[in-house]
Every structure is written in structure tokens, then in C-alpha cells.
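Per-chain residue numbering starts at 1, and chain names A, B, C and D are given in the order in which the chains are listed.
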Amino acid sequence: MNRTLAPFDRRLGQVEAVDAVGAYRRLRCTDPGGPAPRPGQFYMLAMAERWGGGEDERPYLPRAFSYLRWDAGRLEFLLEDVGPGTRRLAEARPGEEIWLLGPLGAGFTAPRDGRAPLLVGGGIGIVPLLPLQSEIPGPALLGFRDAAHATAGALMEDVELCTDDGSAGHHGLVTELLGARLDGHVEIYACGPPAMLEAVRLMTGERGVPAQLALESGMACGFGACFGCVVPTADGYVRVCVDGPVLEAARLEAVPAH
Amino acid sequence: MNRTLAPFDRRLGQVEAVDAVGAYRRLRCTDPGGPAPRPGQFYMLAMAERWGGGEDERPYLPRAFSYLRWDAGRLEFLLEDVGPGTRRLAEARPGEEIWLLGPLGAGFTAPRDGRAPLLVGGGIGIVPLLPLQSEIPGPALLGFRDAAHATAGALMEDVELCTDDGSAGHHGLVTELLGARLDGHVEIYACGPPAMLEAVRLMTGERGVPAQLALESGMACGFGACFGCVVPTADGYVRVCVDGPVLEAARLEAVPAH
Amino acid sequence: MRTDLCGIELEHPVINASGTFDAIAAIRAFGDEVLERFPFSAFVSKTITLAPRQGNPPPRLWEAAAGLINSIGLPNKGLDGYLEHDLPVLARLPVPLVVNVMGFTREEVATLVAAVAERDEVAGLELNVSCPNVESGLIMGADPRETAALVERVRPLTAKPLIVKLTPNATDPAAVAEAAEGAGADAVSLVNTLRGMAHHPRTGEPWLGAGTGGVSGPAVRAIALAQVAQVAERVTIPVVGMGGVETGAHAAALLRAGAAVVAVGTESFRDPRAGARVAAELDELLRKERVSAGA
Amino acid sequence: MRTDLCGIELEHPVINASGTFDAIAAIRAFGDEVLERFPFSAFVSKTITLAPRQGNPPPRLWEAAAGLINSIGLPNKGLDGYLEHDLPVLARLPVPLVVNVMGFTREEVATLVAAVAERDEVAGLELNVSCPNVESGLIMGADPRETAALVERVRPLTAKPLIVKLTPNATDPAAVAEAAEGAGADAVSLVNTLRGMAHHPRTGEPWLGAGTGGVSGPAVRAIALAQVAQVAERVTIPVVGMGGVETGAHAAALLRAGAAVVAVGTESFRDPRAGARVAAELDELLRKERVSAGA
């Protein structure tokens, strides 16, 4: 089962710590009464106080985040500061209250017919691969902008690393590493920027290798209410938040740039 | 001269300390290059970050505050938490940046024909009387809700105190104290809640005693741009921010409830 | 706080705004708790059209200052798909069902109304004459004569309550409301979203796949309140007020402005049980007022 | 960034929105610095009417979610008072002067236009057909025929630029803009404030002395952008875009949507020199784009 149902209530957690993992920020908070999520699921987060008043009077809506770690009553997230929402979360102080809704969406499923899992992550996209790897062990090919971001790779095991600027690991794109590893016996689990996922979709499509892609999409609600987070598939638009975020590469017609 | 011109720029100060004075909060910040204000003048304040995201997605506009103390490059304010703006300011942390615009408006003028100044303050309204008293010494009649608020009375000298609940000083309204002191030789300097100022206006009007009232009014700009802060006078509506906040009681037709 | 909305019995005066809560998807995300603790006193379905619609190309969302712009474009399974697949599931909800329909011609609307109204699961219908995300939406609901003609056409088709949902993108929404009442509408609801737009922060191109979208949330609260007050003043049928409601205080303001029922929309995206919370806060508020009024 | 607004030479494309900056009061508060470092490339005066007006009873302001509701009610000294007392002072400003006028009848507007236009200090006129705070405001500017009739009446009275300020509280502002252009307007400006309302947090009575007011600020930004884009598409005369502009990026969005000039309104209340700041940010932005475009 790749989907744990969320309690039908947003709940207040309490921020316990926010620290740096290379160029990213890691946020730890309590998750009172929250159930155990499945790898690939996500949460909608919003600070209880001062959620707003940032750039352009934002944020207003909660923000979607894959979980990095969960253990009874405690959640960890890894954040990349890209705008007012992630900034507010990255600046959260211990003791501050945070709204949690989740776990949401459908996560990864086990490899089919005895295939070997091969994890492919790009940048902040490594997050859902962390809980996945601890449940379905397998090698991870991780790509980052530079060494500062690549530090986060240390959170995982059995890692082959590369960076765009060559400041750590191989110099190049993670899809190049994938190209070398892609054979008929693996199943791909990928998460990362749209361009990377689109490349993975095309590569695996050509070779007929099954691939599960954890997508991102602009979300307002996270539970299927707004129809805002859709991506195009063979059977029309599907909602990333309820039909995904993990979707079969073969179903997708494209990985939208946003 | 009761009006120091403000630099034609809002400027960034830095919060140095926020502490409690009884039930009120005192905010101290730097005022880089700001000129010396005149007693009764005020400033428009807004935190540079996270000004917003409070109750009903507010605050949005800056808020008006009389200054409590000024000395070269340093300002002090006293705040009563009544809503999202004052709350945000009351929760400000040392090192946070704050927007300052001011000094604004017209302050108090010296007593006419050798009259003895008599200061009358209610609640947070004592603030402008503090700088006034250090320039034009005179006894102060101060009224507060209760002892917790009355603590702020200690900021001034030569104080006769009363509280609504009798928990400190006389049990009753400051206007009762005023009634006993009101004679033909004094000039009244008053600031406080609308009901108190209206009572002062009527009492002094009957006895023909000159009174200068420091008014409050909902303000959007503080420098005459929006025409939002008007109060009714014999010669029509006047803007509290540029024609006041200190206005002759005799000019006013009423002190509006808001 | 039992309330009656033109014959529809409501446990409390807070329902959902069409298109902002998908009960079926919510059950997938939260399970049967959704049925056991349904947040609204009635369920208003997302707009359905005669033919199935894919909706607008993404991106469909933009976060505005204290608000949201959406260009969803009314994706839906179409009349037949809705009746066959959705209605049986929605019938499990513990509250009355209001079905929101939109057509591109009067005859389309007539077909929709006739087919939906005859189903026992349906307590009432809401006519979307105001969706600003698709070409025609604006026209019908912006013009009193158009609206009157539409309501006159469909009124004879059913005895069930007909709620006409007004657009705020009109010179005089109250005139449209009067026309709807005159033509036999049982209630009016407002506001729908306000036409809005945003640009890609980097490319400067229109952000939304459809170019423009509809603004909702706190940013439209004051505008909605003014329109609800104006409409309530000029019609005698009940008014369903909505627009930026986040708290019981916001709901109370709409009721004071003359609304009989309040709908919660975008706030449900932030809190899936916002409807129940708003209803509780409202109840608390009205209780306090009765007390302080010494009643 | 020199810009030409239908014959009026501007140092940069950022002017003030009528009624949101009082140059004379600013001089009282800030001194002659206002003249030396004037933030706008032109000064648009607050609306003047034939007879003096006291304006609406207080309270006149309500802070909305990311916005402001005002019911100022166009207080002004009237035509004679303005010409005698204000114009001589405003003539000292280092930028062109645009006078915004409003009348309750076409003849009133004609009288105002004729009297104001003949003054050498005046570079252009803006017709406020859209102020939602006073009864008549809504009418003229919401109807294309009304607007055309008004512009036809006053067009012959002056060769100076006539800017028609549109109301957003209309079903089709672009149709009104086309009517204005057809009748000889030199430019259109939009948006004016959106009709809005708020209640006293405790009493529940309408907060504003006038009952309702006009919404401005970030809350209306997306709505303004959509209307500016729609109007710019349908007229060939220059468009002055405004509504919620706080930064150069917001100004750039309006220019991309087709505006020739941008006006800053409510943001000046938060930062009296917002006009200059927005102009500098805009300049910087356009510079960067030229560079990245390799031009």
C-alpha cells in the first residue's frame, strides 16, 4: 500500500529545530498523532503565525513538502529557499507552531517482477528517495548544482554523486550516470527538477524500463479540491496531489516545466 | 516652533530592545540621521520584514506612534497591543529592521499668557506628555484602567494617579481629578481615549480654559496624502496628521469615537 | 443554527463554494472520516457541463496578495459521467446535495437542469452564469436580460430550488439579481471570482495557461461584502454570500449584510475542515451577541 | 526612461495616482525637499469638483487584507478655490501638472475642463468618471454611451491631452475605453478603486462613514493587471496603468500588459517616495532584461 490516509484535520506541530544541510535547511517538528507516511507521500505546511507579509504579501496558501524522515510523533523536512513560503519555514524558530496536513498523495510502489531499484535524484528532489531507500534499499544516483548542495547527498547511502560544476563527484548531469546504469533489470525511482524528470521519462521510455517519477506541481490544497496541480497523461489531466505525486513515467505525456 | 520637518524618505532603524512597562511594551530603536522631534509629534512605523500575515492578513499600512523619548540617533516608543500592527511591533526582536517616517504633524505649543501647564493623560495617551513635561514642566494627572497599566505613570514626574478599578491611586476617572484642578490660571495639555478628550473639551470649553488635545485617528499615510484621518472642526474637517495631532479644543466640534 | 435555504434544510448556515471542495477526492485522501465529519451543511458540486471538459492547460494557479488566481477551466466528466459515476458516491454524503451546472446556450442549461433535477439525490441546483474562466461565463450573468431569459427557460423544468450564481464582474450585480428573482429564481449566490491576471516572474509572459483567471480569497472579501449587501437590499429571495470567508467573523459580516447562508471556498484549501470551524466560530459569536444583548 | 504621454513629456514612466499624494501637504510635512526630489514624473491632482466639498464623514479608512478601503468622498476646495489657492503652489513643482476633474453633469464637467485647460500651468486633464465613493461616479464611466457623450461634449473645449479614468466596477471596461477613444480621448487610465465594504469589528455596523468605499492596494493588483491588458488590447491611445503597484516588477507587469505609463497610489502612503523607488527599480529591471536579451 503506497498511501496512508491523512487525518481529516490540519494539526498543529511544534518546530523543534531548523539546521543547515549544505545549502538546504532541515526543519524538524512534532507531529502529534500523525500516522506513519509511505515513501513519496507529502505534507502541506504553513506556519501558524505570520504566514504572509513576505514578498508580494505572500505566502498565503500552505506549501507542499515531501517528508525526509518520520518517526512516531516527529517529522523532518528538507527545504530549498526559493520564495516567501520556503523562506518563512527556513527562518522558523524552535517553539513556533506549524500547521501540518498529511500524509497526502500516493507514494512509490515496490519494484515489479524482481527488478532492482535504481534511485535517481536531482537537487532537493532527493528528499522522497531517502525514506524510499531505507525501505527499498538500492543505489542512488544524485545530481546537484555544486558541492554546497551536494552535501545533502550524505543523507543517503550507496550514492554515486555528480555536480553541474564538477565541484563534487562526477562533473555532469545525473542523467549521464543513469545512461550508464540503465539496463533491462532495473526499475527507476526518480525525483528532481522537471528537465531531469523529462529526460528520465524519455530515456526509460525508449528502453522500456519502468520508472516511477515523484512530480512537483504548484498546489493550492494538496487533497484534490482545487484541480490546480494537474499534469497531462495519456488519459487526460491528472491531479498530482491525489493521483500522484508518484506517477508512472509511461503514463505521462510530458513533465511540465512548472 | 511645534513642528520639525521630516526627512522626505522613510528610513530603516534597527530595533535595540523591547521591554515591558507594566501592561505596555516599550520599543527602542536607532533613528539614523533623524532630526529632533517636538513634543506631540509622531512617527509612522512598520517592521521591514513580515509586516503582514497577522489577523485578517494584516497589518499592511504603517502605524502612527507618538515618541516617548528621543536622543540623537535613538527613539523610544510605548505600545499598547490592540491589534496585528501593535502586536507585531510588540514582538519585534533586537536586530530587526524597522521603517521610520517622521517626525510628523504639529506638536504642543507653549502655554499662552503665563498660564501654568496642567497635563492630563489617559492610558497609552500619556506618551506625548512625557517629552512635553521634560520641556514644559508641570503636574500630570494620569488615569489608567488598573494598576498594571498605571505602572507606566512612573515614567513621568509630579504625577497624580487614578485608576478605573481603584487598584492604584484614586478610584475614578482622571476627569474627576481635573475638575478639582481646573481654574482660570492653567492651560490644559491632554491626550487619551476619545471619551476622555471629549470630556476635557467640554469641561475646558465651559470654563473658557485653553486646552491643547493630542488626538488619535485612523491613519493611512501620516503626511496629508490620503485625507483619511479627519476630525470635524468649526472650519470643516481637518487632517489630524498635518493640522494636528495636537489641536485646540476650542476648534473641535467633537472628538470622534474613532 | 438550523437554517432553511429556500426549502433545503441545513444543520448550520455554512456550505461550500462550488469547485473548492471535491468530496470524492477528499474521501481518497482522508477516508470515510469525510462522511462522518462532513464540514459543510450542504454539498455544492463543482460545475458540470453537458460535454466532458479537460479544463485549461497548466499552470492553473497563481498565489496573489492575500488571494488566489485560478484558471481551472471547469474540468468535469460531463452530464452523463457525473450522473453515472459521481452522483451515486455523493449520495452517501450526510448533507443535502446541490448540483452546480453551466451551459454555453440556454438549451444546454435546460438539458442539464432537466436531467439533474429529476434525480432524487439532488436537493437543489445552482446555475453558474458567472465563471470568468471560460469565454461564455461572463456574458450570461453580466446582463439582466440574458439572465432573466435563462431562468425563464429553465424554471418550468423543475420545482426544486434554483440558485443563480452571480458574477462580480458586472456593472450592477443587483440588477442581475433582481432579474433572476423576477424570472423565478429561488435564491442567488455571490460572488464568483473576479477576473485577474499575473505574469511569470522571470519571463514576463502570462503565468496562467489560460492567460487570465479568477481571483478569490481574502483579497476579494471587502468587494464581496459590498456586493452581497447591495444585492440583499434589492432582492427578497435568500442570498448565499461568499468571498474570502476565513473565520466566523467574516461569515457573520456576510449574514449582517443580508446573506441567509455563507459559503466557504478558498479557505478550504488551507484547512479542509474550514467549513466546520467557521460554523463553530459563527455559532460562538452569535451566542455571545445574544448574551451581551441580554436576550 | 523618458516617456511621452500623449504629448506630455515625462522623465520616467511613473506618475502618481490621483488622490494619493497631496504635494502641498507633503511640503508642509517634508519641506522643499518635496520640490527638489519630487518622486513622480508628473503630478496628478486629487479630483476637483465645481463646488467645494467637505468629503464623507469619518471614519474614512479601513485596512483590508493586503489593501485599503477608503471613503474619502472627494473633499476639495472647488474649482475657484483650486485655481486661486492650489494652482499657484503646484506650479512650483518640477514636473508637468495633470488636473483631475469630476462633475455631476456633463455641463459641470465642461465648465471644469474649460476653466482648468485655459491655465498655462496645466499640461493635461484627467476626467474622473469612475470614483466609486460618490453616487454619480459609478454611472458615467460604467456605460460606453455615457462616456462617449461626455468626452464628445468636452473634447472641443481644449487641445490639451484628455485622459479618461475608467472604473473597474464595470462589466466591460474595454468597451468604455473604446468609446472614450472614439469620442476623442487622448489616453485612458485605470483602475480606479473597486467598490468594497467592511463592518465594525465590535458593533457589526458598516465601518465607513459613507457605508461603502473603494478598495485599492495589492489586493486589486491582479484585477487591475487583467483590466489593463484587456483595455490595452482594444484601444490604440496610451494607457496609464495602476492598481497595487509597490515595486518595479509590478510596474513592469503593467507595461508588459500594454500600459505606456504606470501610476503609484496607495503604496505612497507606506513610502512617500515610492514613485521614485518604483521608477528606479523599473529602470534597473529593464536594463537587466536588455542585457540578458543581448541587446
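Just so it is clear, contacts are C-beta pairs under 8 Å (C-beta built on N, C-alpha and C of every residue); 3 or more make two chains touch, one makes a residue touch a chain.
Just so it is clear, the structure is predicted and the values come from calculations on it, not from any experiment.
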| item | value |
| --- | --- |
| Given chain A and chain D, the chains that contact each of them | B, C |
| Most distant chain from chain B by Cα centroid | A |
| Contact-richer chain pair [B-C vs A-C] | A-C |
| Whole-Å separation of chain centres (CA-atom averages), chain B against chain C | 47 |
| Rounded Å distance, chain A centre to chain C centre (Cα mean) | 34 |
| Computed distance of Cα centres, chain B from chain A, in Å | 52 |
| Numbers and ranges of chain C residues touching at least 2 other chains | 64-67, 218 |
| Multi-chain contact residues (two or more partners), chain A | 52, 56-57, 60 |
| Overall pattern in which the protein chains touch one another (line/ring/star/complete/other) | complete |
| Residues of chain C touching chain B in the complex | 66, 218, 246 |
| Chain D to chain C touching residues, read off their complex | 62, 64-67, 69, 138, 142-143, 169-172, 194-199, 201, 204, 212, 215, 217-223, 225-227, 229, 244, 249, 252-253, 256-257, 289 |
| Sites on chain A touched by chain D in the complex | 56-57 |
| List of chain D residues in touch with chain B within their complex | 19-22, 24-26, 28-31, 33-34, 37, 46, 54-55, 58-61, 63-68, 70, 72, 75, 217-218, 266, 268-273 |
| Interfacial residue positions of chain B with respect to chain A in the complex | 49-54, 57, 60, 88 |
